[in-house]
Amino acid sequence: MDFLIDFFNLNDVQWVPQIVNIIWNGSLYSLFALGYALIFSVLGVLNLAHSAIFMWGAYVGLWAVCGNTVFDGQCPAVDVPVWWAIPAAMIGGGIIAILVDRIAFYPLRQRNAPRLSQLISSIGIAIMMVAIAELVFGKERLSMPLDAIPRRNFDIPDGLSIENPLDIGRIGLGMYVAEFNILLTPVRLQIIVVSLILMIFLGFIVTQTRLGQGMRTVAFSERVSSLLGVHVDNIYMIAFFISGALAGAAGMLYTLNSNVFLPSTGSELTLKGLTVIVLGGLGSIRGAVLGGYLVAAIEVYMVAATDYGGLADAVVFFLFFLVLMFRPQGILGQPLPDRA
Amino acid sequence: MKQRFKIVVCLLLIATLVLPLSAMAQDGGDEEETPRMGFWEECADPANLSGEIPIGVVFGLTGSIAQYGEPQANGVRLAEQEINESGYLGEEATVTFVYEDGGSDRETSIAAFEKLINEGVVAIIGPTLSSQAFGADPLAADAGIPVMGVSNTAAGITTMTGDPELDQFIFRDSLPESGVIPGTVATAVEILGIEDVAILYGNDDDFTASGYEVFVDALEEAGVEILLEETFSRGDVDFSVQLTKIIEQDPDALVVSALIAEAVQIVTQARQAGYDGPIIGGNGFNSPALFTDAGEDANGVIVGAAWNVGNPNELSEAFVEKYTEAYGNPPDQFATQSYVGAWLMATAVRCADSADPADIRDALASIQDFPSPLGLFSFDEDRNPVHDPVVQIVDDGAFAVFDESYANYFD
Amino acid sequence: MLSLKNVTRYFGGLTALNCVNLEASAGQVTGLIGPNGAGKTTLINNISGLDHPNSGQIIFNGHEVQRMAPHRITALGLARTYQNIRLFNEMTVLENVMIAQHFLGKSTLFHSLLQLPSHRKEERFIRQKSLDILEQFGLSHLQNELASNLSYGDQRRLEMARALAADPKMVLLDEPTAGMNAVETEQLGEKILDMKAAGIAVLVVEHDMALISQVCDIVYVLNFGEVLTVGTPDEIKRDPAVIEAYLGRDE
Amino acid sequence: MDTILNFFDKILQPIFEITTTLIQPILDQLQVIGLSGSVVNFMLIAAILGISIYFTLYCGMFSLANAGFMAIGAYIGAILTTQHDASLGEALIWGMFAGGLIALIIGVPMLRLKNIYLAIATIGFGEVVRILIREFDQLMGNLRDDPTVGGIVRDILGLLVEDVDARRLRITYGPQGITRIPRETEVAHLVVFLLVLAYFLYRFHHSRMGRAMAAIRQDERVAASQGINVVYYKNVAFFIGAIIASAAGVFSAHTIGTIGPEDYDFGRAVDILAYAVLGGLGSWVGPIIGGLTLEAMPEILRELKEYTGLINGLILLLIIIYLPGGLTSLFRPSFWLSRGRFDTAQRVVTAGIVLVAICNVLPYRLEAGAQGRVLGYEVWGLLPAFISVGVAFFLVQRISPKPEGGRYSVLLAGVAAGVWLAFLILGLVGQIENVTTGYYLHLIGMALIVGGALISYPPEIEAASQRKPEVA
């Protein structure tokens, strides 16, 4: 069975650089999926407009650093440090997510409509958001000027000295990157660091704060929590803001890495994000993180160790399918009540 | 102020009302000193033509495909303006290009074709994608209306129906990948002495997948060993996994079949990962975005294409200048081929001296050595384009002719 | 007719039913009482197949049914009502009753497509029979109303009619008098006695002791998932253990 | 097989001919408003797809798998007609067979899932189908050359393709897709198929099975304890939906003449869902109307092509939020007459919308048809309508339920009327002089909308066929 031997062939893989690839891809997936999972766990709805918020977050970030020229489809110069785009994208994403909630989910919630209607309305608003982005920012790709984003691999620049304690980390990183042939640019490092910070922060909010307690109560039962004096609508609004901010951050980091802004950005993540949260456990925050790294690992494995790189998506979806069949709550998820 | 206004308007869902107003016609400058397009001498001034001669144009103008469809439509608009202002079709007649959105799926372009055919156009230019052409072109052929693809590069476009009677109505002015890639590969192998390569291609897109097949055939023809083949999907932004694997194999060259969005990422990331050898690409690489988005990383990219912006050809230079003036950015290959396509259609009308589709078809088929930004242009017996493709290398942020002087470029 | 042997059901660490033994026979009304949370509804669900016991046997009409799908148990002749009324709200009253005779029918979609005589005969038969039952329950004037538009009492009656529509050998009634006034409760008692007279085994879960006294031949008292005691209604009323279970120990 | 097919051919051929003659006048009318040729085919195929998802929804299952089944039908059908010279009829039979078979295989494990889990699983199914079709040639090529399983794979592939040993296997043609599929689907085929389906649905509703499925949708557990075999009927509904979707796939492949795996992506699944949502699930007419409308709309509104995405999204959103019963609920007398279900203002507004929509499209379109060219100024008429519809909906639904809503609603209605009037004047100042009737009707419609908003009082926001909220 050559086929199977090939399939699990792990001998020729360059471990170190590929693991770095898993980490930074996985961080991005996790960051994207976190917001997805948060909304699912609090409201029990699948917000398929999440990738549209992701895309809008990226454009808001671009607008923040480029100024109004983006509306003419150009970004000739970046006026402020490019990293400012990330908080801008987070705030923008958060506000847009609240708008999405008010327009697409709130009226249905008020009417106590089936949750599947909310799935459909999220599709509707996602289509609209892409169309509006096309009108506002144009259909052609936008990008920041070439020199705005530090995009070289980490190396050891001239003028660093081992005597200077501040330079040691930089030298070590540069040597490490060179030694193992790793592809690690400042943006990618940024993705890893920012994602980890946000994940820890979200984890802290959900488990340690009153707000997180409120969220968990609302997730358990809307009725019970309003009886307990939790302001349910506020919780929803905050959940949407956090989810949108995470999507905005993910969108900004994603586009900083590729420097391509298109209204269709992120559409491929709608379903990928779905696989992430299903594999990890629907509605589980830790599950979303685990799922992100898992999906990244599968993708990297398929490309790096097998000759069937083109089937990576099929393998991910197949696993997704199996998990739903035999463990619908996902790997880390708790058995959920039957929510629609 | 205009931009802010636009946002507000848009959020109120009334942007429509502004756009028709702002879609002003461009001023046509006088172009006495620039060289002229067209068969002014070869075909006599038309005597029988009068009124507006409608020619349909179907490009993808909405959705993600619009990034290709918009430049195409711009190319045709520029040609339309030039043709009518110069009186190419005689005193009495003008050509009117009727633009329809072909969307990004087959159904929309089929519907657009049927609409145009019902409205009585005498010829059609488009659609944008080869996959759409396979669906829509037979409709025009059935109706006896000549159709010309200006961006369809898949194999077998002009013989798609399998019926010579119908096929004779299907033309294209876009060199198929098989007309560009073998020459590129052969030149690169000859000059650089390439012995083994790695291939990276998009496997979910008909353009990149067919480009990949042509590459494989051409590489085998040239006796080059393929060390490994890796794939990616449309919309991917990270190629480091594939590139890590490829670089480890240390190929003499990296062969890539990708559209420009992915091509830029691949080039950049390959360079970041420490690969400094040649990268050979097809038509998909041929876009100004390669320089604007990849910068100096693009150096050493070898591109075979029907046309590129650095083409040393008077008509081409004039076209680039006019296009840049009109639309604010330089044309890409799509715009150029659609511009030439519109001129070819007008030439066929002029030479046929008739607005009858059958006559136009005959005149189109007999066009030989038409001077154009693409070079001297002819159709072969299968109605595929014949003109010299350019094999160029990116050197110092610009395209340069790829010749013997680059033999030691990568050492 | 129905016999439960050592039926045990637990959810996680919580034991809902613990070694329950119960007998109910044809032509007899068996009562089941117990404080809230005693496991009465769990027991009914286990009998009707909506839930399955972890161990023990349930024998209905000579078949072991503890692992059987609910629709098959129904086909053996079991019908039930629900504590909180569960009608098909988007259907008319008549359709609600017709649904109950589903498993009696034989015709498939193809019979229906071709309008075979057997299909039409069957439809006529089911419709007529449903109308008869509605007549019995005094609902025939409402046959074309949507079930959701009925008054509470009518909905209760309709649920009972639906349960009887399939000619069951046994009926499980889960708190049938909830929300009814004394007169309605009395009328309901008459209906239950009619069923008993028709030879149907009835198992009724109830809080209303008046109804229990009116109709039951034998009463099981359930507490914390265990059968506390069994006896006639009079015996039960006097049993100090039952009183304690309901009212708590008198310190 | 051949004799049976010949027999059917003899019966069906005259039927198709008669149908063609009968529908010709309708087709002529449709052509006037810009719907002709393949567009009519696409509309009818959309209606068939709408019915395919209607079956699963009718049984209470939210399945997005039908794009996958459409792909299976299309590919099996196309392989048969292009490589084995099969007729459309044979392609249809085998395409439906293949779709049905796969539905039976995956149905048993998958249909244990409910609600959103089922929706997600079916999305996964669609993606797996699409990717496998795309990678089929390469994967099978590798398996074929494998020493152990190669023999069996060769045998199976032999059923699909003649040249099993070709250097590059050509069955699904990877991402390029299959071309040169004979365009044999005629409008008559689709009309007959749809009529058969309609009869099927009509009978279905009045059959034992139809009642059982409706019961399962409303309360699965109660249905089970009424003696209904829930698992069986769910599988049957899934199976019927799958074979209908497969048939639609075969028809569409033989209308377009070329297919590729990307034609059947998640977007297609959403489209199919939108047909059902737009039309409404209250009756089987809903998905048919939804499919026809949604497919015809972009053609009728070609001048608004820049805004197709915006309009499609907006329609989906407005319908699901404000008209959960879909378009068909407008045709139901109970919508207009019943007490307490829908508030008067909303009815008046809806009437206005319908009127505005009709008079915005029809007069211009008729005139456009008569002139043989499309008029650009439809934009002027349509957009204010959409805006005013949006504003009016907002007014009625969002402001008036609040106690202090009256004042605001008057204010906002005034603004809406003002905005609309401004656009009307702008439009009149523009090129529009000759189309007057449309504008009078338009005015009446607008008056109804604004009036409805003004008289609105706290409504019970409850639509005709809205389900009761689920119990968590």
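Going in written order, the chains are labelled A, B, C and D, and every chain counts its residues from 1.
One rule holds in what follows: a contact is a pair of C-beta atoms (placed from the backbone, for glycine too) under 8 Å apart; a residue touches a chain by one contact, two chains touch by 3 or more.
Everything quoted here is computed from the prediction, not taken from an experiment.
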{"item": "Third chains touching both chain C and chain A", "value": "D"}
{"item": "Chain pair whose interface holds the most contacting C-beta pairs", "value": "A-D"}
{"item": "Most centrally placed chain, judged by C-alpha centres", "value": "D"}
{"item": "Most widely separated chain from chain D, with each centre as the mean of CA atoms", "value": "C"}
{"item": "Whole-Å gap between the CA centroids of chain A and chain B", "value": "35"}
{"item": "Centroid distance [mean C-alpha coordinates] between chain D and chain A, Å", "value": "32"}
{"item": "Averaged-CA centre spacing for the pair chain D and chain C, given as whole angstrom", "value": "43"}
{"item": "Contacts with two or more other chains, residues of chain A listed in rising order", "value": "132, 134-135, 310, 313"}
{"item": "In chain C, residues with contacts to at least two other chains", "value": "none"}
{"item": "Of all residues in chain B, the ones touching two or more other chains", "value": "62-63, 203"}
{"item": "Pairs of chains satisfying the touch condition", "value": "A-B, A-D, B-D, C-D"}
{"item": "Footprint of chain D on chain B - complex, ascending", "value": "12-14, 16-17, 19-20, 61-63, 100-101, 105-108, 110-111, 114-115, 118-120, 131, 134-135, 138-139, 154, 156, 160-162, 203-206, 208-210, 213"}
{"item": "Residues of chain C touching chain D in the complex", "value": "48-50, 69-75, 79-80, 82, 86, 88-91, 95, 98-100, 102-103, 105, 107-109, 111-113, 115, 119, 122-123, 148, 162, 166"}
{"item": "Touching residues (chain side chain B, partner chain A) in the complex", "value": "3-4, 6-7, 10-11, 15, 62-64, 66-67, 70, 203, 230-238, 240-245, 247-248, 261, 264-265, 268-269, 272-274, 289, 292-293, 295"}
{"item": "Of chain A, residues touching chain B in the complex", "value": "12, 14, 17-18, 21, 25, 68, 71-72, 132, 134-136, 139-141, 143, 146, 151-153, 181, 183, 185, 254, 257-260, 262-264, 267-268, 299-300, 303-304, 309-310, 313"}
{"item": "Contacting residues of chain A [partner chain D, same complex]", "value": "1-3, 44-46, 103-104, 107-108, 110-117, 119-121, 123-132, 134-135, 221, 270-271, 274-275, 278, 282, 307-308, 310-311, 313-314, 317-318, 320-321, 324-325, 328, 337-340"}
